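Some structures to go through are shown next.
Two complexes are shown next, each including chain A; its partner changes from chain B in the first to chain C in the second.
Here is the complex of A and B:
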């Protein structure tokens, strides 16, 4: 269930019943309209459906647990106190939210945010991924994201020579946490 | 959670690009080397990247060109080390979209750099230039400055770290009149006090009336100058003419005793803060070149000054050898908002100053008391009633000992502690290892605390509470041996700066131990060190250099070794690691305001570093070194 942590939210939306989103694995989650406004995709889907009958919006690309987390974050955004957070505090907030996440989960989360058109959350997920990728080695990135090296050996040599100084910063490949 | 099906490789370019825009340039290039799609994306990202900062290395023109494509109209912030660049790179550097530009070591550029900036970078808000045209044969004159000042009409901060007296010209004041009226911060690397007075209050005629102020730099809030002599005339001219001044920083380093007319006296001090807006004041006379002090200022001057300075938040006084407890106490009691207090060469400063500091409502965060030899542990015990203390510099206070450390260890927010030359022993450091302070401490300096032995390392790290420590200075410790460094390596604290200068017992084993440092239980990391100074360590031989080569010390950026021994090996090392700054003549290795590093633990250091670096310039040359016959000229570099 969507968690709405402040009573004021509930009071505001007594007139507007919450929407229901159905995930790819059949989970049904509630989200208030005002919170859902952050997602351009949901808004578009709403316009397409007739208002009255179906309040259930199928979000077939997204699984239940990711959707739940996303709705939680969107709820946080609509709380008044959130807007008053300073830059450092916002950073801490997102750091705490993404603490101990594996990078592929952050990626998945970012993709979902992108699909649902929630720009702010997409941006923060990319920031988290950037923080995790920073100063990792080329080999690490290839391994974690299963990227195929499609350079020819000559190209690889040239690249190594050109960008050697960038690698020189050293590898902090903590294999455990991020993968 | 489900494993993500699409991996990064198949993602739309937009996502890869978004991630890349949040990365630093070296990371972007690293990513670019993984596969063709990423390389394409990186090239694309570089064409709209707004911030380009390369703090760690000095790129050549060839390396720089592909990284700063000319078709990037969004470039707003550029920070570079221009050691390897010259006028031929001007087209890469001069971008009309720039708001912020920091170019250091521009020795090979001519004054054209300034004029082109003035002509093309109309939106510039922040400009930092250091060492412009210092190489022989590069021309620069006041016309270049004129074009810069008249062209950059939105300039808010201007920092010129070089000798501005090259611009000496009869129109000097007029040129500065052209400066943007938005200029709020000005910092100059070197200028004569006569030029300063002239600039702010051009002499109308033979009668030198300092009451006439032109409207030059009307909105200036911050002024930082390194001058030849701090004089009454200069100080009173500055105070009268700059009505918005909140931050004043004046330093000099005279080559000889100044005459009365060219010195700061009680009268000059009285003039400070004429407009009542001053919040930060720094007046320092350094003994870098000659043992010269503010001999004409005594308690009366301080009293008169403190009278007007009740709103001050930061005060730094260096070289006021005639000021006694009365003067310093007045400051503490008059300035109720004081957060930062620094005193260098407080020769008469005693414990009495801090005797009733609890009674004041002060909440000091940065305290520096250097070369205050009359201070004892009692003073420190009183001082620590300021629980918010974050930086504490007690270097060269010879009478401070272990009891002081015991008091200090109760400070829960202390991030930086400097105790060079204090009379502390291993016992004192055990207090540090066990106290509240251990959890917050990031930087610790114990240079020259000669009683310390290897046991101090175990005292510090055995409790496993001192986890945030990143900078450690253990230089000039005659009893510190390889065993101590081994203990340090075993502690697995990811130290990033370690200084072991002039330790006679430190040898190759230490280097090997540091090279093999493991941080995590499972994975071989290699050392986390970015700075290692083993200059003049007694036991370093050629063997150590094998452990300084790659792949050891992968993150190393600064290395200090003795160049005169093993000359060939040192040269070979420097060649094989071109992006490591190798110092061979005993120069101090620096983190300067550029080294953002991880940004996490350098946040509080802005004020400490600049001044400390400047003062450290000649101060660390001990008597022994001078007797070694070091070239005298080296001291002034």
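Here is the complex of A and C:
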């Protein structure tokens, strides 16, 4: 069942029964219509489903555990108090949410949010990824995302010289915590 | 010796790469959250990445972006200028957002040149913060940014030309530490028809805030001014006003019989959140104060008042406001102790005035900075007795003096709500 801890959701329960989403691995998850409105994709799928009169919306591109986490975030977003959080508090909230995540998991999560059309969460996932990449070296980024370096050493050197200012102050920290 | 190095024969597209082949808008989004420096560094990741940064629609030059570890001010400034020039030249696509805010940057003429360059494009967001030195006079080409949607200026001098027709697409305007004359200010505000958000802090050159903005939703002002007049602001939902100067009792309202209280709220029928800061409550108290407003503020759910409880004018103004906010959910009272308190009105026995107000929606009350005066305590007593669904009242006094007396009183006061928690916070 989708969690609903605040008073604001109570009124909606009786009027609008929750929707059921089915993930790619067969997990069924409930989401309230008012929460689902954040996802343009779910709304579109809902229109299709209503025509064929089934109760379950298949979300075949997304696995169960990711979908569950996404629904949890979307639930948070509908709470009134969330919208009044200051910038710092929001940042802390997302830092806590993404604590100890591996960067590739954040990327996948962001891609899922993008697929489902939940722009705000997609944006926050991108922000988290940027935060994780921030102080890392080029080599680290290549390794984590498995990017093949197809520059010759000479070309790479020339390119670095072109943008010399960006490579100054190399206090980089290539810790493995995000891999 | 040949300078040509043989590249490795091209390999079939590698599926292992997790990021380089993602749709452009996704990579752009990630890059846009990186500092400019980090974004530029991605250019060496692989040949695919060489120009990804150069098509970013955002360019931000600030203290984190550009690390110029120079002790010499002039050298640091010159370095910054050369980096901005370099980046603008290499950049390859329309720029939608440009932010320049670096501590070593003073009002240099290079900024004029960059603004001229930007005015030829379709810039949507322009943010300029001049940290040091005199107000930087913006060049006239800045008023040609017709696609502008958000404008943010810090420490600038605005002198629009006489043929300036306004920013037709501007939705958000943030002006802090600026100088502008009264006519230019009014003209600018009234010729930005789509304006939704307006922030004004510490301004000089104009003292009357004539705000005629039919689409305004958010208004935040803090500074020294004589009057604030709203016209056609029927959608205005969030207002925060701080008047930094105590104008004193000599002020006579310019409106004849109706006081500031009525005039201020006349064009704010849908206000939802209001913060009255510094001495603004005193401004509202000028002129006649009705028992309650002619039309109640039915949408007002959050109210924060900076109030001097010793001042009868301010008390009456606060009560008027409270009587006119039947759906208030959250109340914040921040106490202020001035040197002189107004006693021009007959000292109202405020306990009598408190009758017949019930806050049927008020759940949260926050009280800060009180010193345990009788007026303050009667106010708290009244609030506790008239809030049947109160969940939490937090009180943080100005100092620890007399805290036992305060706590004893709090313990004694009757509470209309069975669920209310009263929380004492150490000063």
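Definition applied: the second predicted complex is superposed on the first by the 163 of 179 C-alpha atoms of A that agree within 3 Å, B and C clash if a C-alpha of one lies under 4 Å from a C-alpha of the other, contacts with A are read in each partner's own complex, and residues count from 1 in each chain.
The rule we apply is simple: contacts are C-beta pairs under 8 Å (C-beta built on N, C-alpha and C of every residue); 3 or more make two chains touch, one makes a residue touch a chain.
These figures come from a predicted structure and were not determined experimentally.
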item: When chain B and chain C are modelled together on chain A, clash or fit; value: clash
item: Partner chain in contact with A:66 - chain B first, chain C second, else both or neither; value: first
item: Partner chain in contact with A:146 - chain B first, chain C second, else both or neither; value: both
item: Which superposed partner A:89 touches (first chain B, second chain C, both, neither); value: neither
item: First, second, both or neither for A:127, with chain B first and chain C second; value: both
item: Chain B versus chain C as contact partner of A:166, first or second or both or neither; value: both
item: First (chain B), second (chain C), both or neither touched by A:138; value: both
item: Touched chain A residues, chain B compared with chain C; value: B
item: Which of chain B and chain C A:105 touches, first, second, both or neither; value: first
item: Partner chain(s) touched by A:154 [first = chain B, second = chain C, both, neither]; value: second
item: Clashing chain C stretch [against chain B; choices 3-11, 183-191 or 201-209]; value: 201-209
item: Common ground on chain A, meaning residues reached by chain C in one complex and by chain B in the other; value: 104, 107, 110-111, 114, 122-123, 126-127, 129-131, 133-134, 138, 141-142, 145-151, 156, 159-160, 163, 165-169
item: In the complex, chain A residues that touch chain B; value: 63, 65-66, 104-105, 107-108, 110-111, 114, 122-123, 126-127, 129-131, 133-138, 141-142, 145-151, 156, 159-160, 162-163, 165-176
item: Chain A contact footprint on chain B (complex, rising order); value: 1-4, 6-9, 11, 14-15, 18-20, 22-27, 29-36, 38-39, 56-57, 59, 63, 520, 522-523, 525-526, 554-556, 577-579
item: Interfacial residue positions of chain C with respect to chain A in the complex; value: 5, 7-8, 11, 14, 16-20, 22, 26, 29-38, 40-47, 49-50, 66-69, 79, 83, 86
item: Touch list for chain A against partner chain C, complex; value: 104, 107, 110-111, 114, 122-123, 126-127, 129-131, 133-134, 138, 141-142, 145-152, 154, 156, 159-160, 163, 165-169
